[in-house]
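Each chain carries a letter (A, B, C and D) given by its place in the written order, and its residues are counted from 1.
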Amino acid sequence: MTADRDKVVRLLKTARGQMDGILKMIDENRYCIDISNQIMACQAVLSKANKEVLNAHLANCVLNSRGDDSKEKLAEITKILDQLL
Amino acid sequence: MTADRDKVVRLLKTARGQMDGILKMIDENRYCIDISNQIMACQAVLSKANKEVLNAHLANCVLNSRGDDSKEKLAEITKILDQLL
Amino acid sequence: MTADRDKVVRLLKTARGQMDGILKMIDENRYCIDISNQIMACQAVLSKANKEVLNAHLANCVLNSRGDDSKEKLAEITKILDQLL
Amino acid sequence: MTADRDKVVRLLKTARGQMDGILKMIDENRYCIDISNQIMACQAVLSKANKEVLNAHLANCVLNSRGDDSKEKLAEITKILDQLL
C-alpha cells in the first residue's frame, strides 16, 4: 500500500473502537436510532480510510504504471467506480 | 434495540473480523486495491447490520408510537433519510 | 403529494434544464469529466427534490396514518431505506 | 467525450422522459412514494449514463495520457472518487 500507513491505521483503529462501542451499546440494550447513527459514523470513518488508500494509489501506483499494467490498473479503478455509482 | 440481537451482533462481529484482517493486510504491505475492496466489503456488512436495526425499529418502535413520540420518531427517520439521499 | 409542490416542481425543472444542457454538451463533444460532473450535479438536484417529497410524506401521510395503513406506510419507508443503505 | 455517444444520449433521453413523467405525476397529485420511486429510478438511469462516460474516459483519455496530463487526469478521477466515497 502506498498511502500514509499511520493515517490509515489510525482511521481503521478508530473504526474498530467504534465497532466495539456499538457491540457494547447492543449489550446495554440502547436505543435503535443511536445504534444506527453509530454504525453510519463508523462507515464514514472507513470511507475516509478508503479515500486515503485510493488517492495514494492513483497518485503513485496508477500514475507510474505503463502499458498493460496501466491498462489493468485503470480497469480496477473502473470496477470501483462502477460499484460506487 | 428491537432488532434480532443475535443477527446484528453476528454481523458486527463479522465486520470487526474484517477490520482486523485489513489491519493485518496493511501490516503485510498488501496491494492498495485489495485493501480498498476489503474496506468496502466491511462497509457492506455494516449496512446489512444497519438495515436490520432500522427495519425492526420501523416495524416496532415507530409503528407502536403515538402522538408527540410518533412525531419525534418520524423526525429521526427523516434525518437518517436526509443523510442517505 | 403532500410536499411543497412549487418547490419540488422548481427543482425538477432545474434538473430537466441540466439534462438538456448535458445533451447539448455531448452534441458539442465536450470533455468527459465535465459531462460526468454535470450528470452528478443533476442527480444532486433530484436528491433534493426527493428529500422534499419524503420529508413531507413522513411529516404528514405517515404521521397521520393509523392501523394497517400505518403498517403499510412504514413498510414503504423500510423499502426505500433498504435501497439507500 | 469518448463514450458511445448513442448509448449515453439514449440513457439521458430516457432520464428526461422520466423527469417529464414525474412532473406530470405531481400535476396529477399522485402518491408521494410513487413520485419518490420515480425520482430514484431516474437517478439510476443517470448513474448508468455516468458509468458509460467514465468507463470510456478511463479506457481512452486516461490510458493514453502522458506526463503532466496523466497526473491531472488522475487528479480528476480522485476528485470524483472523493465525492462518491
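Following the convention adopted for this analysis, contacts are C-beta pairs under 8 Å (C-beta built on N, C-alpha and C of every residue); 3 or more make two chains touch, one makes a residue touch a chain.
Source: prediction; values computed, not measured.
Chain geometry summary: the mean Cα position of chain A and that of chain C are 27 Å apart. Distance between chain C and chain D, defined via averaged C-alpha coordinates, is recorded as 15 Å. For chain C, the set of residues touching two or more other chains reads 47, 50, 54, 80.
If touching chains are joined by edges, the resulting network of the protein chains shown is one closed cycle, each chain touching exactly two neighbours. Working note: touching chain pairs come out as A-B, A-D, B-C, C-D.
Interface residues of chain B, counted against chain A in their complex, comprise 1-3, 5, 8-9, 12-13, 15-16, 19-20, 22-23, 25-26, 29-33, 35-37, 39-40, 42-43, 46-47, 49-50, 53-54, 56-57, 61, 76, 80, 83. Touching chain C in their complex are the following residues of chain B: 47, 50-51, 54-55, 58-59, 62-63, 70-71, 74-75, 77-78, 80-82, 84-85.
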